[in-house]
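Report on one structure; see the data block that follows.
In order of appearance the chains are A, B, C, D and E, and numbering begins at 1 in each one.
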Amino acid sequence: MSVSVTVQHGFGGFNLDAAFEAPAGITVLFGRSGSGKTTIINAVAGLLRPDAGRIAIDDWVLLDRAAGVSLPVHRRRLGYIFQDARLFPHLNVRQNLLFGRFFAPRDAPRADMGRVVEMLGIGPLLGRRPAMLSGGERQRVAIGRALLASPRLILADEPLAALDEGRKAEILPYFERLRDEVAVPILYVSHAPAEVARLATTVVALEDGRVTGQGPAIQILGDPNVMPTGVRDAGALLQAVVVRHHDDGLSELSAGGVALFLPRVPHAPGGQLRLRIAASEVILSRARPEGLSALNILPGVVEAIRDGDGPGAIVSLNTPAGRVLARLTRRSVAAMALAVGAECHAIVKTVAIAPENVS
Amino acid sequence: MSVSVTVQHGFGGFNLDAAFEAPAGITVLFGRSGSGKTTIINAVAGLLRPDAGRIAIDDWVLLDRAAGVSLPVHRRRLGYIFQDARLFPHLNVRQNLLFGRFFAPRDAPRADMGRVVEMLGIGPLLGRRPAMLSGGERQRVAIGRALLASPRLILADEPLAALDEGRKAEILPYFERLRDEVAVPILYVSHAPAEVARLATTVVALEDGRVTGQGPAIQILGDPNVMPTGVRDAGALLQAVVVRHHDDGLSELSAGGVALFLPRVPHAPGGQLRLRIAASEVILSRARPEGLSALNILPGVVEAIRDGDGPGAIVSLNTPAGRVLARLTRRSVAAMALAVGAECHAIVKTVAIAPENVS
Amino acid sequence: EQARLTVFAAASMKNAMDEIAAGYEAETGNAVDVSLAGSSALARQIQQGARADIFISANTDWMDRLEAGGQIDGDSRVDLLGNAIVLVAASGAAPVEIAPGMDLAALLNGGRLAMALVDAVPAGIYGKAALQSLGEWDSVAPMVAQADNVRAALALVATGAAPMGIVYATDAVAEDDVHVIGTFPEDSHPPIIYPAARVAGSDNPLDAGFLAYLQGAAARAAFERQGFVVLAQE
Amino acid sequence: MGGWLTPDILPPEAWRAVALSLKVSLWAVLVSLPLGIFTAYALARWRFPGRGLVNGLVHLPLILPPVVTGYILLLSMGPQGPIGGPLARIGVVFAFHWSGAALAAGIMAFPLMVRAIRLSIEAVDPKLEQAAATLGAPRLWVFASVTLPMILPGVIAGAILAFAKAMGEFGATITFVSNIPGQTQTLPSAIYAFLQVPGGEGAAVSLVVISVAVAMGALLLSEGIGRRVARRVAGA
Amino acid sequence: MGGWLTPDILPPEAWRAVALSLKVSLWAVLVSLPLGIFTAYALARWRFPGRGLVNGLVHLPLILPPVVTGYILLLSMGPQGPIGGPLARIGVVFAFHWSGAALAAGIMAFPLMVRAIRLSIEAVDPKLEQAAATLGAPRLWVFASVTLPMILPGVIAGAILAFAKAMGEFGATITFVSNIPGQTQTLPSAIYAFLQVPGGEGAAVSLVVISVAVAMGALLLSEGIGRRVARRVAGA
């Protein structure tokens, strides 16, 4: 299932002109405050009628201004998690959660209420009204309400921004499951690079109403030219397979033949997973390092060196596991005499990857 | 100036019973969603009348339930940045920003409107009404509105949660200036460890309405037992002085005689600053490492080793620069034969510190 | 400055009073303000100290009440006008003879008899008295639809809501949709009298003159044009 | 002995007037409420040709002296009127019938009801209705499950205002359906009648006291309900 | 020749009645507006002893037949009344004066005004008022700078309702201040007088048309203003 979106809309000072394809999985809209993310999502939801545009899920056309088609909001089968929770103040949490279920077709696949409630940790709140909830609790209920509506398309506008790290860590896997198992397309707005790296199948980078880059997460996140929030968030994604789980709580993975050690991952041996390695967490060494606490060492060849705005540079290393980015100071680049073609080793701490950069 | 807070309040299912001292600077309330942070802030603001408690800024008593004292909200001279922006919908951005100024005493120190507007990047929005703003823009205006009210006490409830990293990086220094120069006490709620580390003078850790730890940031953040969001966010704070700025964009600092290199900091040579070094970003080596891209190497002696829940352990190292925490796998601890009293080196990348963990 | 006089008069006298006020002003140069409302309202206002000069009531009860309370000058009181009550029906209906045994209930043929409030408004009170003396009241009473004033009763007939109604002769004068099918004998009800008097609190020097004018020839002509019987002797 | 407040000086038809007024007012409110909500919604949320006209028509009974409204009703809804005639032939009779009194009271009270409800509708945040739509609720359901519960305080306020107005309505009612004891003689008609004759004040005062007591009871009740509902809607 | 709609068949006092009605209604609305806002605010936001009583009193003119209200006014505010007497001695005269007509109209319209404003106040999110307070605004300022602008649509709605009601008010006015041309004869009183005599219908209809035109004009105007204000308040 793939969502194709083309929208043009003008708001006085701001002009949106975006077109992108969101293939199955999670498509993250990534961009600074005011870049047009919510506007796009609203157009997809039907809450905003763009000046021009076409929105379709596969062959199912939600909007086609040129053809005069615009499906009413309630027929779009959405689960919209709003940036402001927008709970119904006159209904209690349970009633809020069940609101959408009532309108879902009888045969639609249903999320399990108990499971969602447990995951979101809102069991004790079911009888309360929204005015009696904390900010994070409200947001969690809003997430549950959208998930329980048996949507065919999920729109999530910074769903986790108000939550603490612990709670995020509990909810993220649920979105991953949606992505991997349920195959509901998800348009997801987020400002947090770790979240993006972990969830995104596809990334659409927005700047000032325009798409500055789009493509598989692995590609966009590894491209320091595209990442709209700057070079500091660059990082590479590696594809790896689980080899075995060790008794000391570590899992051994293989990425293109290189052994990597991570804190226990939930996947069974043989399972595929994806690792994000932030460029700022990679240390390079010309010689193979010994006696370090870091367990993961990837040999490679320098593929490119790109200087940043400040004192830093991004070194892109070709390793058997795939491309790895490292952020160094230019001073280090010089001291180590790094140049394209030079051999060197990337050192990554086990704990620097796990668990939120794994998926 | 120091704020002392004691509040007890019951909300049906939830009981708050918290007491803490907030000395000059930024006191961060840190705790999971629903732990009572907003409730405390509301009590300080006078929006909630707690069942019992006393709140005072030095000798200035805002609330004393036992003595029957409760200063009306508008006399508390607050700058409250709400978790939900709460802009006035009938006023445009400029009018929202200037609302508080009107009521501030003529002789109160005034934040510079132009500077605040520029920092928040809301210049082009001044004529708009809140309904025409994006979520992040609304939150930025709310920050400006509070700052411009010439407050004697700032309450900030997740002020940056809705903002992208770039924007956060622009606003954080302003809070630092408030902390360091203006000496307005600030109660600050945040879920983001990096933000906490950077801003907090004092940290108050909350769990389920109870204070589980409080004290200088340097101490609480370095104590993996207290950090309510778990061991992954542990890290140490070091005190350092600027030695000189190099041409290649790096600044050389000295922390207890150890030379550290960071991307250029704004402080003049001789200036004091504080560095947060996240435990997960420190690599240990028994031998002095050579040929690495990492520029910062701190020699030290193992002071303590604490095993975590998972496969990790926290190693606490006594260095000339202060205590440094490192998060390793237990496997590495064993492989390196680390034990209390063992000598080893902490390796920290330059770019892993800068700039948001510096202050 | 023009001298002014305030007259409180029953609302049913509007047409005549407009003409008389204009004539009086033309003749004497003095202005007359006529306040038209129900007699009860006007009487109560006078009781409460309204600065009226002359009061003309549509019945004697309220005038008696004011006289007993000393709010009017009893010596100035005159019975100014008389009126008759008539039976009206939609145009085209045959005249009936109004006499005992007329069997009004049968004539109504299941319809309603429109009257003013039979215990409260003068026209209704007179009508009820007349029907009682004719021996018709008991059979007709359940069919009576009472309006708050005579004009409303007339409207019920004019719009066809009620086939017949009892109103003043003066009311039937100019109504096209309604015509008189019988007049109640004078002796079937207490005399219908519109008394006029000077209000006790008035010190307006024009009072006596206007009371006299009301009984003069010009006024008489105006009253008669509206169907009133002029009782006062010059 | 019996003072002026005790029932024994009030003739039985006065008590019938009390009962009738209650019946008339309740019916007037209950029957007009759905139409009132619909009209208020249409005026608040829809743009359609003739919106101004509808708005004007709704307010008309407020502007016109009640007697005029009564006349207009009599002309149009009377047995020979353009609306009343055909209705009468299918057996729906308003003339001289308590239902006519209810009609008159309902029409006189309608502008008050519509205004109150409309103000509440205008205060509902459309974002909540949008949220309901995204969850799959068709328009009518959005109204029933989100808008209506949120405007309940306004609906209740409108209903009370209308009830109070209906209890006090006099001019249009007596002009349209006149005053037939037990059928169309409402409390205000009875009070009016007592006030027309010298010495009728005592009975009028008794009836006024009854009427005030009834309406105040309704008022207090509805305030209580309204407050509870408002608290529920505000979610506190 | 002049049809029934043209002014030439209307006697000059009819035009005086139109002018007077406008004056009376405007004054009634303008003078009662601040009190109406205050009362609505008190009823919406404060809990005080006697709140129920105040609420009942405000609604009383709606419940009572207008004649009764007029009669009560006559008894209390008349030149010999317990309030009117002392007031008259200090030169404030309501009885049989246009100001009395304004008083009667204002009182009759008061419940409508208060309800509309009160509903708007109840719809204002107290969180915004709290936000204003945290910024240092004292209570009265919070009201003036936050609450009042946000309830403007309701205030306008209340004022129109009251104006329309005042334009149509008849029973209480004629009972209290009588029907003296040029002094207390308002439009509805003039219409009443015309309706009391044969042949007066034409003039009455003309006056009704004028009255409807004026009130509709006010209505349309205020709808326009109200909509603009509402849009401004909603911030769109």
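The working rule: a contact is a pair of C-beta atoms (placed from the backbone, for glycine too) under 8 Å apart; a residue touches a chain by one contact, two chains touch by 3 or more.
Which protein is which chain? UniProt says A, B = Molybdenum ABC transporter ATP-binding protein; D, E = Molybdenum transport system permease.
It should be emphasised that the depicted structure is a prediction, and the values quoted were computed from it without experimental measurement.
Both subunit D and subunit E are touched by C.
Touch-path distance (fewest steps) from subunit B to subunit D is 2.
In terms of their C-alpha centroids, the spacing between subunit C and subunit E amounts to 34 Å. Separation between the centroids of subunit A and subunit D, computed from CA atoms only, is 58 Å. Measuring from the averaged C-alpha position of subunit A to that of subunit C gives a distance of 90 Å. With touch defined as above, residues shared between interfaces to two or more other chains in subunit D number as follows: 67, 71, 171, 192, 195. Counting only residues that touch two or more partner chains, subunit B has 84, 132.
Inter-chain contacts, as defined above, occur between A-B, A-D, B-E, C-D, C-E, D-E.
By the touch rule above, subunit A contacts subunit D in their complex via residues 45-47, 72-80, 82, 84, 86, 88-90, 99-100, 102-104, 129-132, 145-146, 149, 155. Residues of subunit E that touch subunit D in their complex: 52, 55-56, 59-60, 62-68, 71, 111-112, 115-116, 118-120, 122-123, 153-154, 157, 161, 164-165, 167-168, 170-171, 188, 191-192, 195, 204, 208, 211-212, 215-216, 219-220, 223, 230.
Of all residues in subunit E, those touching subunit C in their complex are 11, 67, 70-71, 74-75, 78-81, 95-96, 174-175, 178-185, 189, 192-200.
By the touch rule above, subunit A contacts subunit B in their complex via residues 11-13, 31-34, 37-39, 83-84, 124, 132, 134-137, 140, 157-158, 161-167, 191-193, 229-230, 232-233, 246, 248-250, 261, 263-264, 280-281, 283-287, 289-295, 310-312, 326-333, 336, 347, 349-352. The touching residues of subunit E, when paired with subunit B in their complex, are 127-128, 130-139, 141-142, 145-146, 149-150, 232-236.
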